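Chain naming follows the written order as A, B, C and D, and within any one chain the residues start at number 1.
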């Protein structure tokens, strides 16, 4: 129950310790896959009812929360997938940061269920926004740590610094900014999140294009 | 949280990016394995009862829904398994389409539970048929995209075009056609699904045989 | 949604299709890992109670069912693990048989929960015994098919034929035989299962020893 | 359903049986990933309430139990990860011990849920401490067995003997010692666990430093 590395140096080269690295990545993928599939448990089967069609239509908010959270977790996984494919080495601190990040990821099925059941309440929208803000900040922390400790492969550095890094800050910022908005209007806060999906790629392309990185 | 690829070209060759490709496939397999195993949560233990045998026999519809959904998800996984083993390259759009497809797959434990609890209601049968239609259409979309962008390995093209492609359309068609049927008779709609399993292989063999592909 | 193989021959050599083979094995392992971890969901937290210690002690039967099912699924996984490491080739029928087998495996969390809640009722013991009998028979069916189609590696044949094959029949036989016993005494049937664990290895060693296979 | 090895010798070299070894490790990782993600199911969405914010704040104990258990399982997984990367060979006894260990790991979502619902009751704290003590002892048993049977790679022996072995005994000892403490004060027992996390690394560094192992 110790998180210290075996005495082969402070950080391991990816090719020297490929098996262990792939275990960490596979563990992260597993948590993502389980969390994304557990989202469905938030959809409750209506108990004994006379008009099932009507009862199911009243679950629209739950289905919307499922769709939002599946898209959010899917995008987060793609970003995690892409970032870790550029990581050249790892150390015990990165493993700890990654676990802290996964603790926020694994919380999404809960906050998503609250959102589906109370979609018009500020508290539910704030809880969900706080969860995703926590995810984004711990992801940014991982990225920052990897750059400071030089754990990223050379070819990926330019791209990450110019494009992906800022994108993650934008996501964290929008979700954090939606928290006070939710106090006034839960719906407006939810629309702010959707804007990331609709506009995210276009803005990303423009940033990347301007800086000459494609 | 961006779904753009690293700047190594618009689509990656499978052998150049084998690790990342296998992560996508493993993630999909994970969602399938979790969804298929979560089906069991739809089987409810009868609460304190005097005649457990009788109470269990009354759960027959839930067991039937479990059997149908396990067979459906199993067959879908085999098809996904086979198709992705013929994919030579991938790009970010294919990853997005695959996630959209998995969102429909991960929904099956919910619609299956509704089917088991309300197997004689049109709304439950329609919901389930709509779910599988969504699965089939997003699978067809992936296949079509891969062909248009030339992401499929040469040896697989003939086979997919002549045999597997049409088979997927047949499945999507039967489930879509069962939706209006369910309004009149939920049982008839369920029998239409079973027909795919019983007749599917024979029809498939005949189509493949006629076209000289085995 | 077709289970037919791509046109590279009726059965694939394991080394030619190693990636696809490992996907099937990984999928099976995933279902085992999920099913074995879902067993814990059968343990219910006592709702608001004054004497938690007493309430937890009353859950002893649930804990016993958890322990039995974890041991059963663990042993089944080891057997599946060992058998598939001796399989040299696979075809679509073996994949179908394996999925049918997994459908019985994934049912264990349900029948185990019924057993934990109604451990002194014949119906619960019979349900559980029927489930494990189904598991054992579909496992025997996979083994028999692999031998008939010559899909097993040469070095494993002697061992499987003399030792492992009979062992699987013994397990299936004991669980099937416990079904009528459970009608008279659920406790006696449960003790029959435990005997497999306690005596299983000793008997196995004797059979293997007699035939000169270790 | 037999746990005996195929007749290639009493213990398998890791490089000769790399695929099977990685299956065992992947299975263990799967159980860890599922158990850690199932922790979220202990967080219950408040049923229809007028003041959701207040209702969520009353769930603080559940969130604390989630955080503790995520950290505990995360640290246990890192230790398991590190130890198994130093294992050179495996045999059927090690596989059995590992399954026994995983049975304790998979129990954590239950004992964690009890802890979150009854955090100020001695019985809940004792149950949780007993669970983690069981985990630690079965982990120590695996390590001891591997050393006795010489299954550990040479480079790892010194490190394990001087540093990791004692660390595991300390963890087991603290959790075992917290059981009688919980009878007097559940809060004091919980603080003892937190001390492992806060002090664990510092103490570990000092032990390792003193003995000249870094």
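Operating definition for what follows: contacts are C-beta pairs under 8 Å (C-beta built on N, C-alpha and C of every residue); 3 or more make two chains touch, one makes a residue touch a chain.
Note that this is a predicted model, so its numbers are computed, not measured.
Student: What shortest step count links subunit A and subunit C in the network of chain contacts?
Tutor: 2
Student: Residue numbers at the subunit A-subunit D interface: does the shared fraction exceed half, giving same, or fall under half, giving different?
Tutor: different
Student: Taking only the C-alpha atoms, how many degrees of rotation bring subunit B onto subunit C, rounded to the nearest 5?
Tutor: Here the rotation carrying subunit B onto subunit C measures out at 90 degrees.
Student: With centres defined as the mean C-alpha position, give me the subunit A-subunit B separation in Å.
Tutor: Going by mean C-alpha positions, subunit A sits 26 Å from subunit B.
Student: So, what's the distance in Å between the C-alpha centres of subunit D and subunit B?
Tutor: 37
Student: In subunit D, which residues are in touch with two or more of the other chains?
Tutor: Each of 26, 30, 34, 38, 41 in subunit D touches at least two other chains.
Student: Which positions of subunit B touch subunit C when the two form their complex?
Tutor: Spelled out, the residues of subunit B in touch with subunit C are 22, 25-26, 29-30, 32-34, 36-41, 43, 45, 52-53, 56, 66-67, 70-71, 74-79, 81-82, 85-86, 136, 139, 155-156, 159, 163-164, 167-168, 171, 196, 200-201, 204-205, 208, 213-214.
Student: Over in the complex, which subunit D residues touch subunit C? Could you list them?
Tutor: Residue list for subunit D touching subunit C: 1-8, 17, 19-20, 23-24, 26-27, 30-31, 34-35, 38, 41, 92, 95-96, 99, 102-103, 106-107, 109-110, 113-114, 117-118, 121-124, 127.
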